[in-house]
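Heads up, the next two complexes both have chain A, just with different partners, chain B and then chain C.
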Partner chain A sequence: MSLASVLSSLPLVVERDEGLRLRLLSGLELDRRQTGLLIVGIVLLFAMPDLAAILGFSFRTVSKGLMLGMAALGLNLLLRHTQLVSFGHALFFGAGAYAVAVLANYGGVTSSLVLLIGALLFGTTIAVFVGFLVAGHREIYFALLTLAFGQLGFAIVLGSQFFNFDDGLSVRIEGARPTLAVDSLLGAELSTAAYRILLYYLTIVILLALLLFTWRLANSPFGKTLDAIGQNDLRAEFLGVPVQRYIWTVFILSGAYGAIGGGLFALLELHVRPQPTLHVLVSGEILLMTLVGGFSTLLGPIIGGVIVVYILDLARFQTEFHNALAGILLVAVVIFFPRGIMGSSDDIRAGAVQVREDPSVLGVWVRELGARVRGGLRNAVVATKHLLFGAR
Partner chain B sequence: MLEARNLRKSFGSLVATNDVSLQFGKEEGEMVFIVGPNGAGKTTLINLLTGHLDPDEGSVIVHEPDGAGGTREQDITGLEPRERVDRGLVRSFQIVQVFEEMSVRENVRIAVLANQDLQGSVFSHHDRHEGVEREVDELLVEFALEDDAETPAEELPHGDRKLLDVAMSFGLDPSYLLLDEPTSGVGTREKERVIETVVEVSDNQDVTTVTIEHDMDIVSQYADRLIALHQGAVYAEGDPSLLETDPDLRRVLLGVEDE
Partner chain C sequence: MFSTTVLASAFAATATALAGDASTLLAGWAGLPAPGSAGLPAQMSPRGFLVHTLNGLYFGFILFMIAAGLTIIFGVLGILNLTHGELYAFGAYTTVTVMGFLVGLIPPPTDPATQLLFVAVVVLGAILAAAIVLPLGVIIESVFVRQVYDRHEVYQLLLTFGLLFVLIDTIKLFWGTLPRNVGAVYRGVNAIPTTELVGFSYPSYQVFVMFIGLIVFAVLVWFFDRTKTGRIVRATAINREMSTAIGVSTNRVFTLVFGMGAFFAGFAGAMFIGGPAATDLEMGLNPLVLSFVIIVIGGLGSLQGAFVAAILVGVVSRWMTAVYPPAELAAPFLIMIIVLLVKPEGLFGTWGEIE
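Take a look at the complex of A and B:
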């Protein structure tokens, strides 16, 4: 029996004109190269704790990046499909994180699973209310309203005894961590390192499920209808699409992603404070992640999440201006890679081929870049002059 | 039958629609053309009928068969545009309204998915509904867009964009189709092709069409009935030969006022 016939008898493998395909979902079929990339990606994800130990990078930061990446994945549902920009997505991330802290603190809940479900339910509920109020608005009004709700959440938590103000809440109950399902199996309490690794595995399982769901959604009639709303909501309405209800629905979904990410974040950090979860800068970072990774792609927000969190975490120890770095990063991405890393991957590959064939092209690019920067500076100087002294 | 009953709409001191009562589709599948000078209230009338605007007074009525040989009146004045679409009332806009970044096929598919109540389906693949794909293919052929099926809407020539716009409306399986200048901005030679296609498809499907048109040659060639609006009110109504026989009408249409 040949290898191909063995392969094609596997339940997920289908035969197409172009060769064998790995069929993950109806319509989601990967060719050989894509299957290879998928396997490498999954192996890398699962091997991350060991890789981190060997290569000496912070595996906790990667975890954090994936969790914020989940929120970015949710935000990207709005950005990619309905073309709505939310400046307040930290609200749902924070709602998930605080739901875990409150349940542990006041409810005495120790099971991670129950805590996560609590995070999902609470964050989604918030999204139901906020979504209802913002779904009728577009463009700048939508962005400002989400910003306002985000700030409202931050202000409430910061000023409230129940959430312990600026100091936040611990997720530990009398010093004990929440339990993962395997705790009881092992019989002994896990070390903190082992807990983090298991939590990481839980995170990537949830992440893979979210990615599959996101792909399904993006390629479903519903996803395409959301695209239509984003491109022309007037026409969508006159095609019989309940535009406002659909925006509300996708807003709720997008909040739910953030809530799960926030819940996992609380389990990772074991202490929830308002600044790293609810602050407007977190909302900005979530948005930045989707832009850095590429908002028109499925994986972009996750990759952007890991990269942005990693860069910002590194910078925190190097410079006092680490917050400015997010701004610099944003400017750089918008100018050089407006479609983000994943969105520009074809351009980058084509560029690499060009350089290999003719290295002198690099010089041309540098000159072009120089011209662009000079032109930009000149415009800035002229604009400033006009502002200060008036145009003549 | 679609009926406008004493519709009135003002914008400040401007009376855009002044006590308009009209009936469309008394004979199923009739082609009505609305003519009139700029500012006569043609687009406002379509906006009122389709729910893009709410009238100050009056009502929009749909007469539906009651199953016993008669008809039943349904007042749809307060309904949302999309609820009117469910009742077969579909429109196009004067400026092409399509989904620019989508291909021609995807544009038409959105309409057909909406018509078959599949637009909210999450757990299926957008292009794997056989019934939908069949209908999309038929529409593409009817509107001669099959060669451009994979072209993004924004890259189509203007005439084809107009046709795509109308094709999407037909994807909703309308009973009444209200077209706001389907030939506006289309070159003279293209015009013929656009209107010819629209007429042919609506004839085949027995759709009652209400079309705003400025080109009187087209009106006299294709209209079953003509409605002339002037200063928000119905100025004349009847056979398109009115254009020849009523000298006042011609003057009004050209916007030449008696001093």
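Take a look at the complex of A and C:
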């Protein structure tokens, strides 16, 4: 009996013309290379706590990146399919985080699963209201409105005794952390490291489920209709698609992703403050993650999330001017790699090949860039002269 | 270095002391309220009501000057300029430096002649500070924003968002993290009697800013309505291709408009920092978001709309400080939601053309 026939008898493996495929969902079939990558990816994800200990990078930052990456994944539902830019996604991230904090503080809920369900429900409810108000708008107006709603949430939390203003709420109940599902099996209270590792595993299980769901959604008639709306919403409307209702629905879904991410974030940080969860800069960061990873891809937002959070956290300790570093990174990505890391991998490879064949091409690129900047600066000088001293 | 920081804090302290009750009423607006600041609501006596309304007008006029730049940039370029708040902050910081220098050169305002000179110098200093911010806006447009006009709006948003961070740290590099203030301006202008003449005590500086705000509004309306350049800008806003066809250089118009927007943002920063306030690295964010709210309420790209909405937002949020302080920050957004539900295109909705 050959290895192939053993494999093909497994329930998840199907045989296609070119060979064996791993069948995860109907329609989602991976060939050998993809299966290999998937296995490596999942092993890496699960080995992350040990890898962090061995290689000496911050494991907590990776968790945080994955949580914000979840929000970015939700944002990408809107951005990738309907081409709508939400600049207020921190609202849902913050709603999830605050739902956990409020339930733990005022409701005395200790089970993290119940807390997460609460976060999901609360975030989704907010998304239902906000989505109803913004679904009728397109393009930049959509971005503007979502931004304003995000700041409304920030303003409400900041001005309210219930949410303890700027100081935020603790997620601890009488000093104890919320329980993860396995606590009762272990008997004793978990150590901080064990709590974080278990929470991380919970995060990646949820994340993998969300990724599968997102893939399914993107390849469903619903996802295709959203693509149609993104390409031309007027034409979709004429074809009989209730565009506004579709956008509303996908907005609610994308808010739910953010809420789960936020809920997990609250469980990780154990203290929820408005600045790192609800602020407009967080919305911008979530959008940045989507772009850095590549917003036309499924995995882009997650990878972008980890990279952006890691760079930002690292920069915070390295230099006083970490904001500028983030800004320059963002500007560079926007101008040079508009399709993000996942999207531009072919471009980068092609560029590398070019450089290997003829290194002088680097000089050409630098000169081109210099000419562009010089041209811009020359324009700037001329325009300033005209503005301040008249055109003559 | 040390002496300047000491001076700055001394200025801040004197400004606060001088401003008296007006400054406590204004305290919430510079930054975020301190924890537990939601105290007892102030009594709304007729006089208190008047003071709150005047504070609201002052706030509204400054907001208008910020939102005006944002709305003309949006109306012509179709770009939501997220660096606008930082340009405003830049204006405030430049003003601290410029005014600190200028005010030292002239005699203290004691008699009408020196008072007039003082006001003239303050106006000149504000214009000078704004003129320093202008090239910054022009560079942002011609080096960076120009690259992304024909791209999806997510790139335009993120590019300006990235530049926002760079600008914050540029400010940090030049002026450091400590709050700065030019108390001399506030004291000097307040020494001139205005409201006292009608038997009522209200800081003259606030009256002065309202007056300047009205002039800015008038100048902008005149510019877009009566001057040739203004009409060319409006033509570009209405139809880009058509104006190119009749010989308008849209690139130059875009740069000009961005520079103008930066100028007014810087000017608003100058007006703000002359008042009872201190600079702060985060100071650009709140006005930025509030001016978004304002241009949505007024109708995107509409100058009149921005004016009316700014006054509305300013006055309502000041009233809220008196009636129900926790709602102060949320009030503008609630107005925006109501406007969106009732009249989605805004009060003076043109959505994209300067009116």
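Operating definition for what follows: the second predicted complex is superposed on the first by the 349 of 392 C-alpha atoms of A that agree within 3 Å, B and C clash if a C-alpha of one lies under 4 Å from a C-alpha of the other, contacts with A are read in each partner's own complex, and residues count from 1 in each chain.
Methods note: contacts are C-beta pairs under 8 Å (C-beta built on N, C-alpha and C of every residue); 3 or more make two chains touch, one makes a residue touch a chain.
As the structure is a prediction and not an experimental result, all values here were calculated from the model.
**Student:** A:I335 in the overlay: touching chain B, chain C, both, or neither? Say first, second, both or neither.
**Tutor:** Only chain C is touched by A:I335; chain B is not.
**Student:** Let me test your reading of the model: by the given contact rule, A:A53 touches which partner, first (chain B), second (chain C), both or neither?
**Tutor:** A:A53: touches no partner chain.
**Student:** Based on the superposed arrangement, let me know which partner A:R216 touches: chain B (first), chain C (second), both, or neither?
**Tutor:** In the superposition, A:R216 touches chain B alone.
**Student:** Have a look and say if chain B or chain C is in touch with more residues of chain A.
**Tutor:** Counting residues of chain A touched by each partner, the higher count goes to C.
**Student:** State whether A:V355 touches chain B only (first), chain C only (second), both chains, or neither.
**Tutor:** After superposition on chain A, A:V355 lies in contact with neither partner.
**Student:** If you stack the two complexes on chain A, which partner ends up touching A:F149: first (chain B), second (chain C), both, or neither?
**Tutor:** second
**Student:** Please write out, lowest number first, the residues of chain A touched by both chain B and chain C across the two complexes.
**Tutor:** Dual-contact residues (chain A): none.
**Student:** What does chain C use to touch chain A in their complex?
**Tutor:** Contacts found on chain C: 32-38, 74, 78, 80, 131, 134-135, 138-139, 141-144, 146-148, 151-155, 157-159, 161-170, 172-173, 251-252, 255-256, 259-260, 263, 285, 289, 292-293, 296, 300, 325-330, 333-334, 336-337, 340-341, 344, 351.
**Student:** Note which residues of chain B are touching chain A in the complex, please.
**Tutor:** Touching chain A: residues 50, 52, 80-82, 85-86, 90-91, 93, 97-102, 106, 109-111, 113-115, 118-129, 168, 172 of chain B.
**Student:** For the complex, give me every residue of chain A touching chain B.
**Tutor:** That would be residues 26-27, 216-217, 219-225, 227-228, 231-232, 234-243, 246 of chain A.
**Student:** What residues of chain A sit close enough to touch chain C in their complex?
**Tutor:** 79, 83, 85, 87, 133, 136-137, 139-141, 143-145, 147-149, 151-152, 155-156, 158-161, 164-167, 280-281, 284, 287-288, 291, 295, 320-321, 323-324, 326-331, 333-335, 338, 372-373, 376-377, 379-380, 383-384, 386-388
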